[in-house]
Structure formats: C-alpha cells, structure tokens
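Report on the following structure.
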Amino acid sequence: MQDRGPELSIVTPLDVPGQAQLDLDRALEAILFIADEPQGVVQLAAAVARPVAEVRAAIARLVADYDGTGTSGEPRTDIAEEEASARGIRRGFELREVGGGWRFYVRAEYDTLVADFVFTQSSSKLSQAALETLAVIAYKQPISRPSIAAIRAVNVDSVVRTLLGRGLITEVDTDAETGAILYGTTDLLLTNIGINSVDELPHISPLLDDGQGGFDLD
Amino acid sequence: MQDRGPELSIVTPLDVPGQAQLDLDRALEAILFIADEPQGVVQLAAAVARPVAEVRAAIARLVADYDGTGTSGEPRTDIAEEEASARGIRRGFELREVGGGWRFYVRAEYDTLVADFVFTQSSSKLSQAALETLAVIAYKQPISRPSIAAIRAVNVDSVVRTLLGRGLITEVDTDAETGAILYGTTDLLLTNIGINSVDELPHISPLLDDGQGGFDLD
Amino acid sequence: MARSPETVPVPDERAPGETPALDGAAVDGSDEAPGFRVALSNFEGPFDLLLSLIAKHELDITEVSLSAVTDEFISYLRGLDSAEELDRASEFLVVAATLLDLKVAGLLPQGELVDAEDVALLEARDLLFARLLQYRAFKEASRWFAAHLESESLRHPRSVRLEERFRRREPELRWTLSAEDFAALATLALTPRAVPTVGLDHLHAPLVSIREQAAHVVAVLRRGEPVTFRELIAGIGQRGVVVARFLAVLELYRHSAIGFEQLEPLGELTLRWAAESWSDENLESLGADYDE
C-alpha cells in the first residue's frame, strides 16, 4: 500500500519509515494480541527478524510485566532506567505457554466474570475409556492401534476414531515392519490440557518402560 | 464448589468466593480482552454491576494506562498512591471507542508489522477443515456454531472465525430460543462457486438432511 | 512370594484385612467417589485397593476368591444407573479378565523349575502383574487428563475476530472448487463417519470365543456328573483358552446354569450342572459383555 520508495532504510520489520524503531517487546505484544493460536518463539522471531534468544528474553519480560512482577520494554542504554523496580499492575490477562507456543489468556481469577461474555462451546466430555486411551497414547507415542489395544486389553478402534475426530491425536508415522499406523498427540491436546509439551505430563512409574520389575514403586 | 456458607457476602460479580475482590479496572480489562465486538459502557456496567459513571472513569484510566500516560487500578484509600505519576508503558495495543462501544485494537504504529505477520500466517487457500465447515454451513444454513460443531464433531470456533474473516459466511440471524448466532453464506461465496443462489447448489442425498444420527459423539 | 496376608508385615500401608473403612484414594490416589467395593473373608474395601495390594504382592491373588468378587460385582452392577457408573463397571471387566488370568497362572502347580513350561508360566505371571500395574497407571494418568481438560476448558484464550484493516491484508483467496466439488465436500462432511476398518486382525493373537468355550462347558456338564475345573482344562496348552473357559464358567454361573463347590481356599473347584431348563439359545447372549 505504502510507497516505500527506493531507500534501503528498512532493515527489519521493527524499522518503520517515518517513526522511531519499534520496541521488540511491544512488537511481540501487538502480534500476540491478534494471534488466535499459540505462537512458537521461532515463528515470532521470524516475524520480528530478531534472534530467538532475544525473543525469549522479551517474552519473559512480558510475562513478568503482565503478572505485575516486572516491567517490559527492551533494555535501553540511551535513557536511564529509573523505574525498572516499579511494582507493576497485575493485569486481567496473562501470557501463557501452551501447546508449543505463547498465547494471551484471561487471567484465571477473571474466568468466572468473563464466562458470561463469551460464547462457550460446550464440547461433550470424553468417556473414561477415551481418557484412558488418550493417556496410553500420550505416554507411549508413537503407538499403533494393536499396541494400544494390547495395553487396554479391549478393542480401541472406536475410541481412537473419537480422539482423531476431536483432533486430540493424529497419525504420526507408520510402523516400518508391520505397516501399522502410529498415533501421537497433537498440539491441540497440549493446549486443551494447558501444557506446552508432552515432557510436562506428570511422571508415571518407570516400570511402564519395560513392563517388568519395580513392582514396589506403585 | 466451595462452601459459601450462609454469608451473604456475594454482592457483585467482582466478589469471587475465596479470592480478593476483583479490581474494577482489571475486570473491565479482562472483559474487553475477550470481547469480539465493541462493548458499550452500559453493557460493561451491567457486567460488573457498577454505576455507569464509575465504569466510564475506569475506562478513562485504562485508556491512559495503555497509552503510557497514566496508570490504572481503582483509586484506593487503604494504600498510599505513590506511583500514580509513574510514566507507564505505551502498549502495542490501545482501547478505542468505536461504534458506541469500547474495543481493543492494535496500536497504529504496529499495523505494518501485524499486517505482514497476518499475511505470512494466512494462506491463499482454505484448509480442508474450513472447506468442509463451509459446506456444512452452505447446506444447513441458517445454522448455529454449536450445531456445526455437533456435525463436525470438533471445535469449529477458529474455522468459523476464518470463514467470517474471509467474508464467505456472515451472521444472518439469532436463534429465538438460545440466542445463538446463526450463520449463512454470502454472495461472495456464491460468486466464488459460480452460482446465483444457494438453490443452485447441487442436490445432496436427503439421507443427510438431519445431519445427525450415527455420530458417536462419544 | 506367596505370603499369607495375615502374616504380612505392612510397612507403610494399613493391614489389608482389618481396614474396611480405609480410603482407597489415600493409598493409591484413586477414586474419591465410592466405587465398587468388595467384602471378602480376607479383604474388605474398594476394588482399586484390592488391586493395589495384589499388585504389591501384599495379598496373594490365589487367596482372593474371585467368585466372591464377581458376585459382589454383579450385585454392584444391578445398583448402577448413571453412565459414569457404567463406565466404571466396564473398567472392571478389563481388570477382571487380567485378574482371572493371574489367578489361573497363580493356581496352576508351580513346583520346581524343571522345565521350560514352568519358567514360561512364571514369566507369564510376572507379565500379568506388569499388565495390571500398567493398566492402573494409565487409569490414574487418565484422571490427570480429565482434571486438566476440565480446568482448561474454563480458561479463556484471547481469540477475537481479526480487525478489518488486517483482514484486507490477507492473501486473496484462491477458489478452485466447482459447485459439484462443493457438493461432494458437503456430502463428505455431513455423512456420519463410517467406521474406518483397517485389517488389523492379523496383528492380534487369535481370539478365543467365550461362547464356544461355554458351549464346551455346557456339553461336558450336561452329562450330569460333577467335573472339576482342573479336569475341564486338562490338556489345554493355550493360556487364552484356559482363561476363556474360566470366563465361560463365570458367565454360566451368572446365568445360574451351573453351580460351584470349593471346600477350601485353593482347593479343588468342582462344577456341576444346575440349570432346570436350558436351551442352546441361551448361549447366544452369553459373554456378550466381552464383545467389543
């Protein structure tokens, strides 16, 4: 739209002709503000053309800022940093890392208040069988349907279909030997349970690793 | 969940059992944060059960806060107000009054950055999920979001938003009973498909007309 | 290994026999809701606790009267009405099958480790314990999932419609579908999902039909002579068949077609025909619980 002319002054997306260079923190704030799914740091770094490490640091500042425990804005050398210690405002929103990225959420204390304001879609709850199968897949992924069935000791076909339909699991690979489809969990599942990676799943007894030994661990 | 006992302490939506009373400014911040449409002060006042004048004052504080020219938070008598003059952060977003209500917008300086981000994020083609949802809407219109979700057996919120954003569907009505928004297709869709009216859509099996049945929603 | 529960020193746990009031949740982090409880001569408490004790070898599986557990379970089933409770009940079937496996493995003579078959039997028993533990572990993990799905469903991510000025910056839509394509898509989207069947049968162990096994048991017992379970499974090499036959016996008992007699724990289990009227049609519905 805008005539950017022949100048070569636009070096990064944070340099906008005719105005002061954008602050990294504010730029990320603006992007996250319109994003409607979690944004990974790599994506964000690409959007602002800054190193991932800087983006990570900026996000940490933003999180602290919204939590009222710190302030945000890129560290500056040109002006004295007088108010770095200022007690900030604990905002009605927060930045959370879920499903492999960062996303704005209403802060939990305000959930009840805002609930009336949003159209909350009542998604039907998963059955116990679906939850248990989901747990097996989450911990054992990638896993084939026969392997899930062996652990659950029942036919899991319809449950697997339900989980696929909900987008909570997906086909990730094919077993090289048997050709069976291998399933794994999706980022949507991570988002739905409010964690950022399967590494954040609670630890379950190491005896599951080989199905042997360690009976006393329970 | 919690035993609220016989007390009558819950007077307003800002009183949440088991936590400190919500700050008016933060409560409005949270509501505006998730609201899709501009919110009138009267609506907002009703949501927080506070007088319109107080809500107006709170919004003025919020505007100044995000502009970096003031701070927000209800005036308090219990603690000394030392930092009212603190120079705040000029946020990447701002609160603006449009069409008789208040809504968050990305601050103008970040427009180019955000537009570029949106451009790289979105594709020129609709996803399969979006196309299928669009087809459901085309054949079942007017239809509410929960009804679409029931047919698709997945959460369709973001897909519906995409289709709205693309101008392929629009809000056509409101369900008399539930108040749910009903969606229908636009002329733009008809133009894209190359037909004049939805009546020209090819006939599909009447068996599908109830769109339900046989779905194990689990 | 097969310690009697009465003499087991229980280090950090309460004695299994005398603690009817103890809460399963405190021990194994399981149901706070009152689920299926069992009252046996040497154990009384929630079923989950029973499993947990068996899994820890603090209660020998051979000491547990599974027929009593099954009786209690059947009467528990009769009192169920909500879907959630039925879910719970179907869990029991899964675990019960494993328990029966275990019990069969536990009851079969062990003796000295003289041949490969005995070794295999012991290995099978350990594997079964492992399976039980694994089952329980995932069951507990599923509670974590349920809790997190629930709490997260109350959270509100910012997800508002893109501002008009940014929408115009989206790449222009490339539309490639004809009306017919679009109709096909609608048909696809509106068709109730058909069961995608992938031939997986070759990957499963051969299935043993409880119904077939029941037919065999009926045929043997209808001759009128009492038969011991040991005789009934004599010569069967496949563990799956033994288990299925045991399940068939339980099923027939449930239908009052046969009666049990066991004079002492671990003693010979004698079966006799008890049905006054029986037609082979009764077999049709038998074991339907185990079908999937």
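Order of writing sets the labels: A, B and C. Residues in every chain begin at 1.
The working rule: a residue touches a chain if its C-beta (ideal position, glycine included) is under 8 Å from a C-beta of that chain, and two chains touch if they have at least 3 such contacts.
Everything quoted here is computed from the prediction, not taken from an experiment.
In terms of the stated touch criterion, the partners common to chain A and chain C are B, listed by label. Chain A has the Cα centre that lies closest to the mean of all protein Cα atoms in view. Farthest chain from chain B (centres taken as the mean of C-alpha atoms): C. In terms of their C-alpha centroids, the spacing between chain A and chain C amounts to 36 Å. Taking each chain's centre as the mean of its C-alpha atoms, chain A lies 20 Å from chain B. Spacing of chain B relative to chain C, judged by their CA centroids, is 45 angstrom. For chain B, the set of residues that touch two or more other chains comprises 33-35, 104, 106, 114, 116, 118, 153, 157-158, 161.
Shown for chain C are the residues that touch two or more other chains, namely 156, 158-160, 162-163, 166, 193.
Of all residues in chain B, only 33-36, 104-106, 111, 114-116, 118-119, 122-126, 131-133, 135-136, 138-140, 151-153, 157-158, 161, 164-166, 168, 192-195, 200-205, 208, 211, 213-215 touch chain C in the complex they form.
Within the complex formed with chain B, the chain A residues making contact are 2, 13-14, 16, 19, 22, 26-31, 33-37, 46-48, 65, 71-73, 83, 86-87, 89-93, 104, 106-107, 109-110, 112-114, 116-119, 121-124, 126-127, 130, 158-159, 161-162, 165-167. The touching residues of chain C, when paired with chain B in their complex, are 156, 158-163, 165-167, 169-180, 182-183, 185-193. Chain C contributes residues 28, 52, 55-57, 84, 87-88, 90-91, 94, 97-98, 126-127, 129-131, 133-135, 137-146, 148-149, 151-160, 162-163, 166, 193, 195-198, 200, 203-204, 292 to its touches with chain A in the complex.
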